[in-house]
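Shared chain: chain A. Partners: chain B in the first complex, chain C in the second.
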Partner chain A sequence: MSSMTPPVSANRVWVFYAFALPFAALTIIFGLWPIVLSFSVSLTKSATALRAEPIYVGLENYLSVLSDPIFRASLISTLIYTLASVVANVLFALGYAMLLHSTLIGPGRTIFKVAMFLPVVTPDLAGYAVWRWLYDQSFGAVNAFLDLVGLPAFGGIASPDTAMIAILIAELWHHTGFFVLIFLANLAICDRSLEEAAEIDGANRWQRKLYVVLPQMRPSLVINTVYAVIQFLKTFTVVVIITKGGPNGATNFVSYYAYRLFDQGRYGEAMAMASILFVIVAAVALVAYRIGDRRPS
Partner chain B sequence: MIHRPLWLRVIAYAIAILVSLFYLYPYWWMLLGAFRPAEAVLTDPLRLWPERLDFSVFRDIATVGGVSIWRYLANSVWITGASTILSVGITALGAYALTRRPDLLAFKALRSGFLLTMMYPYMLLVIPVYIVMFKIGLLGTYAGIILFLALGPIQFFLFEQFFRSIPGEVIEAAIIDGASEWQVLRLVVMPVAMPVVATVTIITFLLNWAQWFPILVISRSPDTYTLPVALLNMTGELGVNFQGIMALAAITTIPATLVFLLAQRRVMQGMADGAVKG
Partner chain C sequence: MIKRLLASCAFAALATGVSAEELVIWHDLGDNGIAWFDAVGQEFAKTHPDVTITSVSYPTDQWYGRVISAINTDTAPDLIYNNYERVIRIETQTENLADMAGPLDAVDDTGFLTEADLNVASYGGKMIILPIQRVQMGFGARSSWLEAVGEEFPATWEDAKRVAGKFMTEDPDGNGEDDTFGFALEAANPRDLIHMLDLFIFGAGLRHTLIDPEGNIVIDAPEHAEVLKEFLKTFTEYGYVAPDTINHSFAEMYQVIEGGRAGMFRVGDWNVKKWDSEALEGDFIVGEWPAHFDDKENAVVIGGMRGVAVPENSPHKDLAIEFAQFLLSQPAQQLALENVGAAVRDDLAVDDLSERRQYFAKAQGNLNAYDFPESLHAFYPELEATYHRKLLDAIANPPEDWDAFISQTAEEMREEAAKLSQG
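The block that comes next holds the complex of A and B.
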């Protein structure tokens, strides 16, 4: 504010506190309090967690979670799934955004964009319910289609080997529109004159894309990668509706496992898992932002 | 426009059309599944046009889990509508106060606290919210559900971004002319904020229409379930009623789809802005 600011009366201060009050109340009651609670519940005996005076057991829940082979398997499959999903989503979205942005696509660009973005605003649960049945062995269109074009059948959600790929595709369907949108926004502000200069210098089309355009895509690459990592680390809805963690625990990701424990009243362990996942999410986000910031842009 | 070889453009369009079909086909298949008898889908899952329209499914889904479909629809409209209006009002006022006077005591802490909350994995936040609702007596109430859904990151970022873009001189001039803060808000800020209010309203509506997990967790009975939660309930209880699930999925999807298609430019612009900021 400039030096023109008139003298501030107490009244003018209080009115801002009044404006911020409902927002502050919601943030505290439905944000900060549950976070504090989740940490404190993770230190209590589950059976007493909801009581006025819960029994604190220190890090016992963490130890029992970390020594639980199901949790370890769950953590590993979560990490594998996250890695595969991030790579698949970001690369596919980047390639498709570059295609849509290129001079090869003229009329119809908006339709292509809208088609891809529609699943983002479709209630995820409804979308995944449809996918669950698309994969169905008898009702599903996926295997009927593969059969029609003479390809081998896809195990889909029925087989432990393919369940992860099946939900990866369903999630790709739901999320890529968002990533493409962010890439397109970045492509729109890329400096075309740099590309033209490189062309004059004799760089071919691929060299220009790789050495001139791609470096300018850093902001959107960072945003999308961080967003995707966080998104896929906490994969939940798709598991609830499509695989319920199965078959054979192949998709029993940490969020889902924590929820199942919560559902069984094992609050302490569920919250310990939540805290562990939060630390992983926060660490990954932090590292990703650091990497994104450090390199010159 | 630079001229590119025709064959390359044909390939580019072929890819774009195939990809778009991949994204759109599930919607068509869902609609077909809702209006074709299940036996017909079993014999020919790939048929692209219904052999006849079968409306019998609406009898099957008239009640789900002992509650009328109309109640779920009414819950969806009420919970989404109320939480959207609350969200826009509360977040706009909060973001406005925090942007105008970031120097005030505790405002910095409030902003950081809010950002921390938004960073916390959502699904895992909802679980302790169950305990909070239990403690403050809002478990199983509409109030609990609506209040929880009134907080979201994209709303805050869009408003903050907008309020920062208002030149300070405009507000100062009004204050020098003797306007109270309330008048500044009503006569100076609100008239120019209408586009961002519209954007945030539509995006919040879409996001909250899709919500299901907090509603499931805060609810005590299906009486406060919305359409998506009813759909989840149905997949659990009647695992094999394929046609009913497709019909309920369609009823859940269509309102959001229509709202999005009517406001696609605004929604996509807003989601991009909100994400880039966050």
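The block that comes next holds the complex of A and C.
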């Protein structure tokens, strides 16, 4: 008998395509077509963008956007925020998941799991509206607490110096539970015998976590990092609800800026920004995936 | 007999279907606007029995996007209604609004419209709106708070500062909490901050906020610089506003006013009807903006003009223009005054209005009109956006020397204006 894979009959191939076709069509209609359409709009004069016969202006909108100092500042803010958010969310979630998985937390583990996951299922609007009130400089709970314990007031969303940190904390609250869930799933399939072997070999708790458990967490680290990069590069809802791009443009991230232009009917420039952001998101996500997926030497 | 009856019914239904028309108008005037257009629609129906008027009110931000996309996709409403500067933005993004100069000429009685009214209505060589309501904005103060701190309505800026200080320290609402502020202002979005500055500048009797008709930057002229400095200090050094004001736009500003957190605020003629009956329940006095100079008359600010525009692709363009013309008639104007608090005609009955509404309707205060630089300098919106960013930056990071900041900003604005004017 040959060890080669037996040839697949032509009928079975057609059956496969028949089943795959509806999903391929949905992907094209709802996934690829909007991307093509938005790119097409980015090449048109805004006032004619939605008409049956738009006027195409080539790369004019891209040149306009790239020469706009507000867009450049917005792009830099977005990248800084994404970097800080990805690091903060992934590290915090990893630490929290390891804590939940350890024996340090006893029977209260379920409560901690629920507490961490509840914000994920809380509607964005409700959660971020509460954060906005928490940060209020007049009656917000954050500064009331800091005042109570004798610490200086936090500028929160009222200061350009702290606004980014303020919304990072709000997003950390909202998203971490999801990342924790992925890490917990990975921890559940880690090989405990390796940890026990390391313990027998004399490795302490930290060494076991760092050199035995963490390498086994690679798949979830890759997934969470890539997802977080995509998520935070597109940060939008928290800005709309809490800061509206302010104060003084400190949180005017690209998604929000594009939305503002879109709302003013500047469709061409808005779509040019969206296209630039799409390319960045795709490129960064791909690079992050490739780096994360590289086999250790 | 039955056949004849059925035939009559069918004919009647067909006739109704053919002749009944609905004009749709999109605005941002809220419930008062809807009530106004309902009432005007009934009045219009007296001469056009088969026409119904349907008005839809959107929040201002949504109004822009919806109008622009509707006009650009040939799904436009019959008419749009808003402030002139917002309609200018619609025209720049669609280039598809009808010229209303001809329809205005066809109106018999337009003597009540001033040259300034007509100038405001024009942009890019055509009349983009029929002017329907002048926008007046006065200065308001909560009467019970004034009474609580033993003060009168502030006549001068020094009075206003003293009252603001008392409002913040003497618990004017008597709730035992240190939770009240002197002023409710806004600063978040482009135009928010400049809009507030306009009120301070024109309210103080000055004529230009940033640039004069000849293209000269005026912000470092002594009187302008004085008002500008006091305005910026109100947000910073004096701290008379809620600390979050840098993130406040209209919605948040209204929350501060109606939620009883600030004692002095802008009162638009369109606010009074609501604030007379709910929210403030009439607990406010309205007057001119505080005086900054002995030799200049302080004023209520005429901040612009609201008007009606007709898209070129309006589904019922001729009828829409007819309705737009009708909005200038005495009955429609009377209804505008009663429902939305403003009009342009001078022959309206005002005696039944409340004292505060009469203040605007009878133009009892000294009036100073906004100078509409956007109609003179095509580059003004861009210049203003740059100016707004400078001022917002100063509020976020207050300079040590305000005079130096104003001088430097003036120079930067001159360079920017020169650059922009060269295209």
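Here is the rule we use: the second predicted complex is superposed on the first by the 263 of 297 C-alpha atoms of A that agree within 3 Å, B and C clash if a C-alpha of one lies under 4 Å from a C-alpha of the other, contacts with A are read in each partner's own complex, and residues count from 1 in each chain.
Just so it is clear, a contact is a pair of C-beta atoms (placed from the backbone, for glycine too) under 8 Å apart; a residue touches a chain by one contact, two chains touch by 3 or more.
Model, not experiment: these values are computed from the prediction.
Enquirer: I want to verify the contact counts: of chain B and chain C, which reaches more residues of chain A?
Expert: Of chain B and chain C, B contacts more residues of chain A.
Enquirer: Once chain A of both complexes is superposed, is A:I157 in touch with chain B (first), chain C (second), both, or neither?
Expert: Only chain C is touched by A:I157; chain B is not.
Enquirer: What is the contact status of A:F139 with respect to chain B (first) and chain C (second): first, second, both, or neither?
Expert: both
Enquirer: Quick check for you: in the superposed arrangement, does A:F262 touch first (chain B), second (chain C), both or neither?
Expert: So A:F262 meets both chain B and chain C here.
Enquirer: Based on the superposed arrangement, let me know which partner A:L99 touches: chain B (first), chain C (second), both, or neither?
Expert: After superposition on chain A, A:L99 lies in contact with chain B alone.
Enquirer: Now for A:L50: first (chain B), second (chain C), both, or neither, which partner does it touch?
Expert: Both partners, chain B and chain C.
Enquirer: Between chain B (first) and chain C (second), which does A:G246 come into contact with in this model arrangement: first, second, both, or neither?
Expert: The second partner, chain C, only.
Enquirer: Once the complexes are superposed, what residues of chain A are shared between the chain B interface and the chain C interface?
Expert: Residues common to the chain A contacts of chain C and of chain B are 49-50, 136, 138-139, 262, listed in rising order.
Enquirer: Applying the document's contact rule, which stretches of chain A touch chain C when the two form their complex?
Expert: Answer in residue numbers: 46-52, 136-139, 157-160, 243-244, 246-250, 262-266.
Enquirer: Residues of chain C touching chain A in their complex?
Expert: Answer in residue numbers: 61, 64-65, 68-69, 72-74, 89-90, 92-96, 179, 181, 188-189, 242-244, 246-247, 249, 261, 389, 392-393, 395-397.
Enquirer: Under the definition above, what is the set of chain B residues touching chain A in their complex?
Expert: Residue list for chain B touching chain A: 1-2, 4, 8-9, 12-13, 15-16, 19-20, 22-27, 29-30, 33, 38, 41-42, 44-46, 89-91, 93-98, 100-101, 104, 107, 110, 113-114, 116-125, 127-132, 134, 136, 147-148, 150-151, 168-169, 172, 175-176, 180-182, 185, 206, 209-210, 212-213, 227-228, 231-232, 235, 242, 245-246, 248-250, 252-253, 256-257, 259-261, 264, 267-268, 271-272, 275-276.
Enquirer: Report the residues of chain A in contact with chain B in the complex, numbered from low to high.
Expert: Listed in rising order, the residues are 1-2, 4-6, 11-13, 15-17, 19-20, 22-24, 26-35, 37-38, 41, 49-50, 96, 99-100, 102-106, 108, 111-127, 129-134, 136, 138-141, 144-145, 148, 173, 177-178, 181-182, 185, 219, 223, 227, 230, 233-234, 236-237, 240-241, 255, 258-259, 262, 267, 270-271, 274, 277-278, 281-282, 285.
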